[in-house]
Structures are given as C-alpha cells and as structure tokens.
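Sending over a structure as structure tokens; questions will come in a sec.
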Amino acid sequence: MEFGFSPDDLQLQERMREFMQRFVLPANRDWLRLAERGAYPSAIVEPLKAQAREAGLWNLFLPGLRDDEPGTRLGNLQYAPLAEIMGRIPWAAEVFNCNAPDTGNMELLHLFATGAQRERWLLPLLRGEMRSCFAMTEPDAASSDATNIATTIRRVGDEYVINGRKWFTTGAKHPLCRFAIVMGVSDEGAEAARHERHSMVIVPLDTPGLTLVRDLPIMNHHSPEGHCELLFRDVRVPVANVLGEEGRGFALAQARLGPGRVHHCMRTIGQCELAIELMCERALERRAFGKALAEQANVQDWIAESRVEVDQARLLVLRAAWLMDAQGNKAAQVDVSAIKLVSARLQVRVLDRAMQVFGAMGLTADTPLAFLWTWGRAFRFVDGPDEVHLRTVARAELAKAKANRGATLAYYA
Amino acid sequence: MEFGFSPDDLQLQERMREFMQRFVLPANRDWLRLAERGAYPSAIVEPLKAQAREAGLWNLFLPGLRDDEPGTRLGNLQYAPLAEIMGRIPWAAEVFNCNAPDTGNMELLHLFATGAQRERWLLPLLRGEMRSCFAMTEPDAASSDATNIATTIRRVGDEYVINGRKWFTTGAKHPLCRFAIVMGVSDEGAEAARHERHSMVIVPLDTPGLTLVRDLPIMNHHSPEGHCELLFRDVRVPVANVLGEEGRGFALAQARLGPGRVHHCMRTIGQCELAIELMCERALERRAFGKALAEQANVQDWIAESRVEVDQARLLVLRAAWLMDAQGNKAAQVDVSAIKLVSARLQVRVLDRAMQVFGAMGLTADTPLAFLWTWGRAFRFVDGPDEVHLRTVARAELAKAKANRGATLAYYA
Amino acid sequence: MEFGFSPDDLQLQERMREFMQRFVLPANRDWLRLAERGAYPSAIVEPLKAQAREAGLWNLFLPGLRDDEPGTRLGNLQYAPLAEIMGRIPWAAEVFNCNAPDTGNMELLHLFATGAQRERWLLPLLRGEMRSCFAMTEPDAASSDATNIATTIRRVGDEYVINGRKWFTTGAKHPLCRFAIVMGVSDEGAEAARHERHSMVIVPLDTPGLTLVRDLPIMNHHSPEGHCELLFRDVRVPVANVLGEEGRGFALAQARLGPGRVHHCMRTIGQCELAIELMCERALERRAFGKALAEQANVQDWIAESRVEVDQARLLVLRAAWLMDAQGNKAAQVDVSAIKLVSARLQVRVLDRAMQVFGAMGLTADTPLAFLWTWGRAFRFVDGPDEVHLRTVARAELAKAKANRGATLAYYA
Amino acid sequence: MEFGFSPDDLQLQERMREFMQRFVLPANRDWLRLAERGAYPSAIVEPLKAQAREAGLWNLFLPGLRDDEPGTRLGNLQYAPLAEIMGRIPWAAEVFNCNAPDTGNMELLHLFATGAQRERWLLPLLRGEMRSCFAMTEPDAASSDATNIATTIRRVGDEYVINGRKWFTTGAKHPLCRFAIVMGVSDEGAEAARHERHSMVIVPLDTPGLTLVRDLPIMNHHSPEGHCELLFRDVRVPVANVLGEEGRGFALAQARLGPGRVHHCMRTIGQCELAIELMCERALERRAFGKALAEQANVQDWIAESRVEVDQARLLVLRAAWLMDAQGNKAAQVDVSAIKLVSARLQVRVLDRAMQVFGAMGLTADTPLAFLWTWGRAFRFVDGPDEVHLRTVARAELAKAKANRGATLAYYA
C-alpha cells in the first residue's frame, strides 16, 4: 500500500495544472459570456483543443488506446487526478477530449464497435472532430430502475425502427454532435430475461423522424451543449448500427459506466477543492461582529468538515480507479456506485458551505459557486439517483452477510 | 391555549383559498411564460389586483390600517394563514397588495411617515398604484453584520447627498416602482453609538445620480421585478425625505422586520405544503423496483420528516405572530429570528426531498420545485443569514442563563 | 387560536414548579444514591407522595377522573406543562402518581375495567398503594410490528393459560408492583383479522408459572424499578381477568397510547430544557482558546439549535394534547406518532450537545446528562421505534394525497 | 499509488484474524462476566498474552523497536489493519501488548527515556509485566485547550513536588499498573511561551500523597482498568523522573499522540465493521410489515451509508499511517487530527444504526452495540474533543489560503 503518486504521474499532473492555469482559466470569462448568449463557444474551445493535443494532453481517459489512436494511454488511477484538475473549470474536459458523454461513448465503441463503426464514429470522436450523445433517460421511466425504459427498437427487415421519447440527452445541441447512442427495448416479449431485452443502436442525428424537442434547463441553467429532449418517430437505421449485439443493452450500459463515473467524481472533487479555496480566501477577507469570518468557530467548522470529507471521498474514488486498473471494471461495480453516491452529495454540501461564507454574492453568477451547487444537486441524478446506489451498496453488503450465515451474530450477540 | 382558528378566520382562509384556485392558479402558466421573456406580467397581475380588492382581499397584512386606508384590517395571527395560502404561487402576494418589499415599506411609512410622505408615497402604495424597493444590502459589507454598511447619507444644507452601492434591491425593475428607501451612514463620526449612526431616506428612482447597474440572477434565475444593483453617485434628496429621524436607521430596520418575516415564513410554509402534496402524488404514481415509490420506506421517511418539520415550523411562526399581536413586535424579536432561521432551512430540506421523488424532472422548470428549492437557499440570506439568527437566539438564551446565576448547575451538576 | 395559558393553568404550573423545587429536587441526590445500591428508594418517594397528594398535585393525568377517585381532574393540555416540569427529575412523576406505566394502565382500567377489576386493581393504583406493569414487548418479535407478538393466551375452561416471554417490562421490580397487564395472542386461527387476534389480561405477579428472569440494563443502567424479562409458563388466570373483551388487545393498546405519549414527550421536553440551562450555564463559566465557550460561534449554534428545536417540539406536543381534549384520542393518533418520533430524537440531539459543552464530565454521573442522553436513545424504541411512527405519518399523508387524486400535480407540474 | 497490501502484510493480518478467532473471541464472555463483577480479568488475559508473544504477535505497534526489545517491528501502515482486527474485542489489544495508554507511554519512553528510565519502566512495559497510565485531563480545565492544565510540578531541590487533580486517567486500577506519566505546569511565570511551560514526570503510583479518589463511570460503564480520578498532594519524585526535559511537556504530548490515534481509529474502524456485520445479519433474520428488514429501503440506506463511511474513514486513517511512516509523525499532525475527528463521530453514527436494526435488544448488554455506541461518544472526547480537531484542520486550511494570497478568488470570483 502506497499513497503517493510516482514522479511521472506527479509531473503529468503538474503539466495539466500548468496548462489549465496558462490557457484554460484565462479563457473562462469569455467562454461564460459566449455561453450566456446561447451559442456554443467553439471559438474558444477549438484552438485550445489543438493546443492540448499538441501538448500531449489528449484522450487521457482511455486505458486501452491503440497505437493508431491519438492520445496518451493512461490507467484510470493515473488519469483520475488529471480529471480533478480539469474539473475546476466545468467546460475544460472538452479541451482535452475527455468530456462526457463522449468519453463513455468512445469507451463503448472502443470495446464493441465493428470495424466500420470504428471508422465512421469512433475515430472522428477520438480526433475531436465530432461529438456524440447518449440517449437513455426517459420522461416516463423512473431512472432509478432502467428496466422501465420504454423506447422501442424494433427490427423490420434490415432496419431498426425506433420510437420513443428521451430527455436529458446531454450534448445533442453541440455544433459538432453527429449521432446518439440510443438505448431501447428490442425484445418486448417475455422470453428474454429482464436485463436482456434492451439494445443500443447508433442513430445519426439527421435521421428522419428524430426531432430535438427542447433543451431542458437544470435549475434555470441552460448549458450550451444542451440537456435535450429528443423525440423518435419511426426513426430507421440499418441493423449494422446495433452496438455489440441485440439484447446486450444493459451489459453495455454497465461497461460504460465505470470509468465515466470516476471521471465525474474526480471533477467533482476538483470543484470541491476550488470551493474550499474560495471559502477560505473569502473567510480571511470578510469580517462580521468585529473579526474575520476565518476566526469564527462555525466558519472554521465548515472549512474543516469540507476538508475531511473531500479527502475521504478522493481516496475512495482513487481506490475505485485502482481497482478498475487492477481487476477490471466489473470488479469495481459496487465501488463505482459508492463513489457516485458519495461525490454528488459531497458537492452539494461543500458548495453550500462555500456559498454561505460568500453571503448573498454566493447566490449570483459573480462566483462559480451557485452553478456548481445546483450542478451538484443535478449530479445526484446523473448516472442514477442516490437511491439506486445506496441499494447497490447495501445489497452487496447483505450478500456478504448471507454468505457469512450469521456467524458474527452467533459469536457476538 | 387553543390551537383552532375561529370560524371567521377559517372562513377568510376559505375565501382566500377559493380566490387562489379560481383566479390565480389558472393564470400561473401565462405569468411564467411572460416572465421568462423578461417582461413584467402586468397584464396578468393588474386585473387580478382589481378583483382581489373588490373581493375584500386587499392589504390584509397591516394590523394598523386606518379607516381611510383601503383594505381589511387583520392581526398578524389572522393574516399568517392567508400568507401561507398565497405562498403556493410565488407571485400571488402582489395580487393582494401583500408583497415584499412593499409590505415592509408600507409598515415603515405607516409608523413613521410625515403627513406629506404619507400622501405622496404611502397612499399610492396602499392603493397598489405604485411600487417601491428597499436598498440595504451592499456588496462589500457582510450582511451578517449590518453595522458594516458603508453607503453615506451626508447632510449638505437642506439636502442629503447619497453615495454608495447597493445590491439585491428587490423590485427595482418593477414597472410601477417609483422610490427606494435607502439605508446609509448619516453620522460617520465616533460620537454616536454604533447603532445610531444610520438613517433611512426616501429616494425617488428618477433622481439624478441613481443608476440601476444590473439585475442579479439568483441561481441563474432572473425575477421579472429584479434583484438589482443600484449605484448612488451624489444623489441629492431634500432633508424632508428622511424617514423617522436621522440616526434611527437601525431602530426602523428592526421595526420593519417582524411582520415581514412572518409573512415570508408563512409563504415558505405554503410552498413546503405544496412540495409535500406534489411529492406524495408523484410517489403514488411513480414506480421503481416493482412497486410505487410511495411504498418504499425511504420515500415514506422523506414524506413523514417533511410533515413533522412543516407542522412544527408553522406552529412556531404562528406563535410569533400571536406574540406580536399580544405584546408588540419588539417582544417577538428573538422569536422572529427563530422563525426566519427555521423556515429558510426547512424550505431547502423539504424541496430537496420533493425533487428527489420527481427524479430528473424535478431539476427542470416543468415543476415549481427547482425554483422553490433555489429560492429557499436564497431565503437563507434574505433578512440576514442563518448565522445572525442563530447568534440572536443563542444570546437570548445565554442572557437567561446569566440571570439565573448558575442556579441550575448548582443543583444538577 | 391562542398561545397563552389561562391564569389558572399558569398558577397550577407555578405550584408544581415550587413543589419540585422545594421538595423533589433536594431529595434527588439521596434518591440516586439509594438507587445506585440497587434498592428502590421508597423511603424517599413515599413521604413525597403523601405530600403531593395533600398539595392537590395527584393523579393529574386523568381527564376522566370520577368524583370518588382521588386526584385533580385535568385535561391533557392542562396536564402537559406539569409533565414537562416533573420531567426534570426522571423519578419525580411517581411522586404525583403520574408515572408510566401505571398511568397507561390506570387509563386502560378506567376505560375498560369491570366493577370488580376496578375495585381490586384500579383504585389501589389511583391511591398510589400499588403499582403495575405492562407486558407487551417480546425478544423475538420486532417491536416495529406488534402483530408479531407470539405469547399465547389460550382459554381453557374458565381460565386463560399464558405462555411466552416478555421483556422490557418496566416497573416489575418495584416493591409495590402487584400485577401485569399482558398482551398475547388469544386467537391463533386465521379466522380473525390480523388486528383482532390479541387480548390483554390482568396477571397478578405472584401467579405460579410467572418468573422474573432478569432485569435488563439499558446502556448499562439498571433502573431500580426494572426493565424486566418475564417468563410465562402455563400461567393461569380466571377469564374474568380479561380486559375489555377477547380479541380487543390492539384496540386497547391504541387507546392506551395517546395520553401516555404526551406525558412522555413533555417529560422529554422538560429534560431538554434542563439540558439547555445546564449547557448555557456551563458555557458561561468554561473557557477555551482565551474566551468563554459561550462566546464561540459553534457553541452558540448548539444552544440556538436546541432552543428552536425544543420550542417547536413543545408546540407540536401541546397541539396533540389539545386535539385529544377537543376531538378524542383517536383523532390524534397520527399526531401522537409524530410527537413520539420528534421528541425522542430531540432528546438525543439536545443532550448530545449539552454533553459536548461539559466535556468529559458530561460522560460521567456527575451530571444528569449522560443518563438522559442514553435514555433519549432508549426512548427511540419505547412505544414503538422511529420507523413505525415515520410510517404512520407517511401513510396518513399519502392517504390525503390519494383522496386528492393528483389534483395538485395536475395544476403545478 | 497502490491500494493493495503486500502478501506479507496480508499474511500477518490473516494470522491476527485467526488468533482472535481461535483464542480471544471464545474468551470474550468470560472476560465480560469477570469484569462485570468488578475484578480485572487477569486470569483470562495473562495466558493469552503468553500465547500471543509466542505467536509473534507482540508489541506490533512500535516501528522503532530495538533488537533487544521483544516484539515484531512493524511500520504504522503495517500495524494499522492489525489494530482494526483487534478492535473487534475492546479488551483484545492488551493480549498483544498493544493497548492504550501503555502504547503511548512506551512510545514516549522509547523516544525520550534516559537509560535508567528505560530499564526501570520501559522494558517491563514492553515485556507486558507492568502497566502504566497517563495523567493529563483535569476536572477544571477544558480539555479542548490543554494550556488550561493547572496541576503544578514545582522543582524543590532535587525533587519535583506535584499538586493537582487529574481525572479520566485510564488504567490506574489495573492490577499491574505501577506508574503514571503526569503532565503539569513546571514554569508558572510568564517568561516561557505558552506551550513551553509544561513538563511530564514519571510518578510511581505508590508515591505518598497520590490518591486514587474514584473510578469514573462513562455512561454508567465501569471499565475494570478504570478511568480514574487521581489526587496529587505534595507528591514528591526525584528530578530524574522528568521525561525529556523540563518545559517540553507539550512537545512530548504531540509526539505521543500520532500513532496512538491511528491505533484508536483503526480499532474504531474494526468495531464499525463488526457493527455492520451484526446489522446485516440481524436485518436478514428480523421481519416487520411482512418482510425482512434487509428488504426495506430505509434499513438498506443505513447499511449502505455505513459501508461508504467506514471505507472512506479507513482510507483516511491508513493514509495518515502511511504519512507517518514516510515523513514522520510531525508531518502527519493535521491528518491525525482529521482521523480522530472522523473516526469518533463515525462510531457513534454506525453503532446507532446497528442498534436501531436490533430494536430494544440493541440497548442491552446482550450485544456489544450499546457499549460500543456509548464508547464512541466518549471517544469524541478522548485525545481532545471534536472542536479541537476541527479547529486544527481549519487552521491548516486557512494557512494554505493565506499563503495563496487570494489567488483563487482573484481568478474565480
């Protein structure tokens, strides 16, 4: 057991930190101003992408990167601290081609794409020339139980015909977005097991019958890439567009989630660190009742609680990343539920404290706190609500207890 | 001691409920649509105001209403449940001329206005023909300690010259808003005691030197009436515009806060009740893991916790209202701190639970939950952050203990 | 609605306060010393009982007291604040013949006893000459669901034969304890509805086959009256000992619980008030980091949180008492679940904070805090664990929502 | 970074687990029965000590063990998981000569003892022939601020004369306890800095003037080794008994605390793991409302929350152990405050949940839960109350922010 990073890893982290500080952070205000006007700030992002790729900070998230694929092949544990650093600017991951949902889609394609799919969809994604989205969540299905998904993917001859409504499809409004990976029921009969009835298919966004209904605000915030509602009415794609095999939708969804959640969680950690820094600096300069907030015991408590919570969460996330590297994504499934649960709630708590130190200013767009707080709240639903993850963790624990057959109880009670 | 309302009070509540149901609720979508476009929905509100006034549901908040002033004279305890009912639609209070910050300003003017001030400012407010704002909070002063306020109100001859920057001045963008009550330092010398250096003056919004710098979003939300930043540069008003007397700013601020906080808290209670209703109805219809959310113990816990918290908070607020009626606003000062503290945090908790039951939909504008949750968070700053109120309540308790001179400790420890 | 007590009620409270201060409080140390030795401190309690009865502070808890029954007939709402005052000394209620479980048993007998039962059991209890216990909880049945109760009460000829094991039978070790009211299954067949299979019978403690197995410590604390485990092996009592009717056990249990919970909750409130006083007095005298704890913001927060929580809880309990007086115990059933839930958790929280202010001393028997904290924890199980009450409150809320048929959702979402 | 233990470490953990399972666990009931009678269960412990020493599981806690000192030299990170395993039985650490406060005293003596002190006090401790205690806490000094310590250690000729009162001196009642390390003020003048006025001296327990006043129960629990109150009246020891140098008391206290806290925290983690196992096994077998508790979402939540909290806390503690090994105890000072804070509160929370699953049984001595819960509460004071550690962590964070000179704020707000 060793809690320090290797010198190489530390150097990589330093390079990322420097890139962020020199190039990304100074561009932040402009990005935000453009985004506020509703346009995608491609003019800011595209040159930075080129720079990042040149600097060797590209596609850092994909441990299985092949030699003919652009980017730096890193393990999950090596990548995790880089995601933390990127996280300080919510839009920064795209600069390094490491942004959701494309990362998850690239992983999926990397694992399951046919040669043709690889050429047409994966390589452009890896080169940052194209973007994609992932259409899973539906208005009428509790996302806590994905077997409720109702969108149908019916095979008719050589085509799949897709009907249904998806929402919270992140990225569909991005100017480079070209296709969605769509999850739906391909086998409605009772023959297949409950988790073998769904499939994923690749659907180009310009396919007839596919409409972008609206962009959903999250706590009043419209992201420039969109969290969109998509309507599928008799949308037809060739059967060659199926990902993996028919009926393997859930297996793919599982495979997709592990690393992406680590990234997400580490970005959250980075945002919490940012909040702690801001909270401390503000507490040092702000006075009430005759002394700096930093000297008041309640404010000190908030700072300390945040510090110990963030440190614990980071260790948990890093351990999950290590486990994926050491034993594969499947072995880390429960751990990945745990980190998602822990991180999202952490973000809400830490950001809430930081806002409180800022006073009313913390409610405005004059700091990143209000956005990050509401985003933390949203994160409690992204990739499954807290309740799903609590359930997963509890059932794993109960399974161990079952295997133990009451041995502890027999001795101790 | 009696926990039931009188038949008259109950009937008044029923009339309010009916008015809301028949007239206000059906207008809600239109109001929201107009507001989203950035315009003030006067076309919706003005006819409703006329109707409410005709229905005898007008200026219900002012116990001291004189015979020549329009409206129904109610005690705080009678009015409180009406505010709860109004609270279910955030903009509804204006329909009954019971909205902040005008209510607080009307109270102030009612208590302290000269005859001329009454004619020019109070009566138009009471008739609903004019609106006003209250400029107290400043960017560079922790609102937890209002003695930090830095805006200056200097007397020069027959005029006050005002310089400073205010923000979170709610209502300044309202099309009918005509004046601000401005709080500032009128005596910068060390002569006066720390709480006797500030004054309030009435400043017409069209006075030269007064600029509306910007409207501040609160968690990305722009209210159509605005939470504005105002800049005062050598703004001159006649000395006759002082409210009460010079140096009495803090005394006035205290007088102003009591009833307004009861209103605010009761509206919060109403919004929490709405959230409980929505959460229950959604839990009954939404399924996960093979059964309705309503049958899952964790969701039941959220509902029950919300119910017992709301019931307790309402009783505390009603008791404070009763105390104001029975012994005056000053006697209820600590109680008013307590209810503000309790209600704002309650709203965040209850709304958070309701959002969780709604899933991702709860994050959008498709329900009122996301707005009410973020508004609850903002409410934790409005009229002073939690910390100020905790401090007030604690100091009152410690004062009792001091008076007790260790008698309990002597007996019990 | 009126939040003040009448002058008569206030005077009664003052008399109770004085009696406690003059007679009970000074006897506390002796009571504790005797109890620690394991004996029941009758030498302390009996004279105080005589005094209290003479002072007209006797059987204050029973609204239905008949003219030939000793004591002062008070409504629940009148009695509640007296219970709060008594609560400050955990053993004080017995002085006024107002202690559990005898109060509940007296209520039951008052409502359901036959003439003979009244003579033999109720009147001696009302006179304070005898004590009783209530045998309901069982080791092998989750107390969250009393239909699990397994003790059998089989009718054989003119007798009931009782078999089973009960525990947490409070009071069975009291020197005056003469009988238990025992709850068990009288109809094991499937004929009766699930809540109509149980009965209650009166069992004299000296009946053959009834053994007091052991006294259970609660967090290491042995109360002198005992929380006992009782074993029933073919215990026979005449059928005349049934309370009410066969099969009415649950109905009786429900009837029994209302007022007793109000008493319990008010005693808890009294103990929380005591804790706040102690915490404040200690905070004023104790110093750390150069100033009194009372001046540190975190300690102030604990005091303020405690104050607002206790005030809210008290109002909720008083409202439940009022509802019982106004509409009967049944109407208050959900409210009574709510107050039980709220009060028990409150006690744990408030006492925890007080202990923290006392430092290590708070862990010892040098103050009442450690006992009251652990007792608060136990209270979370007494009369049903939190989860039962959360469920009760939630189901009541959901029932309202069902009746509303989605009307709120239709309008607001 | 590497989250797995080496095969050697794993094997050592397995040996410890086996020893506990085969020898210690079966002796638990007898130990408890003897302890309940008030005697020290030496008859159980001494044979186990011999066995453990033979098995090479002896003095595992001391990284600096010399070749002539009995025991296995392990780093803190290697030892930590062994402490977790020992922790499952509260008295087990003594079997391996790894129990507080002797471990801390052995560390102190190891670092600072003169040759004579080593012979007389340290070697017998290392051989398990003698025990010791540590007299620091005082009744009249808030333990949150140890500079309040008032016991005086005055040099008079070749002797120190000690006067004062100490309490919570753990272990003073142990039959093998021979000496105390006493912390007191040796320089009352204002010359020395606030943290250079205290010294530690070795005081044999049979020194005239030293009285064991009483054993303090903690939540009614008397540990057989005692948490004692000691009175020092003109207690004289030779100046050779000073530890380190005069005026170095605080430096020594700091040096002493690091590893001991890791041990303590890891034992807590072990107890929390035990609680989770018990809670799960109980939840599987206990039924309410028609199904096992294990299937109810609220109980699942408690299990899951416990799992993720324990895992996070363990990682934090292990990282602190690693930091001590890598950079020395001083470098880990803030981390050690953090783990103490986190672990103590964790124990209260996890044990509370486990008790709730057990129902009323959880309150009794029929399971270890009640004791461990109250002990967790006490642990929140041992080695400093939460508030001290929160303050330490906050100040470290604020120091970083000060060094940053507002750089983050400048960029982000």
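Which chain is which? They are A, B, C and D, in the order written, and residues in each are numbered from 1.
In the analysis below, a contact is a pair of C-beta atoms (placed from the backbone, for glycine too) under 8 Å apart; a residue touches a chain by one contact, two chains touch by 3 or more.
Here is each chain with its UniProt name: A, B, C, D = Acyl-CoA dehydrogenase.
Since the model is a prediction, treat every value here as computed from it, not as a measurement.
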{"item": "Chain pair among A-D, A-C or A-B whose interface repeats that of B-C, sharing over half of the contact pairs by residue number", "value": "A-D"}
{"item": "Interface with more contacting C-beta pairs, comparing B-D to C-D", "value": "C-D"}
{"item": "Inter-centroid spacing, chain D versus chain C (mean Cα positions, whole Å)", "value": "38"}
{"item": "Intercentroid distance (Cα basis), chain D paired with chain B, Å", "value": "51"}
{"item": "Chain B, residues touching no fewer than two other chains", "value": "297-301, 361, 366, 387, 390-391"}
{"item": "For the chain A and chain D complex, residues of the former touching the latter", "value": "1-6, 9, 25, 28, 77, 274, 276-278, 280-285, 294, 297, 299-301, 303-305, 307-308, 311-313, 315-316, 318-319, 322-323, 326, 338, 341-342, 358, 361, 366-368, 387, 389-398, 400-402, 404, 406, 408-409, 411-413"}
{"item": "Sites on chain A touched by chain B in the complex", "value": "137, 139, 142-145, 148, 167-168, 216-221, 286-289, 293, 298, 352, 355-356, 359-361, 363-365, 370-371, 373-374, 377-378, 380-381, 385-387, 390-391"}
{"item": "Chain C residues within the chain A interface of the complex", "value": "296-301"}
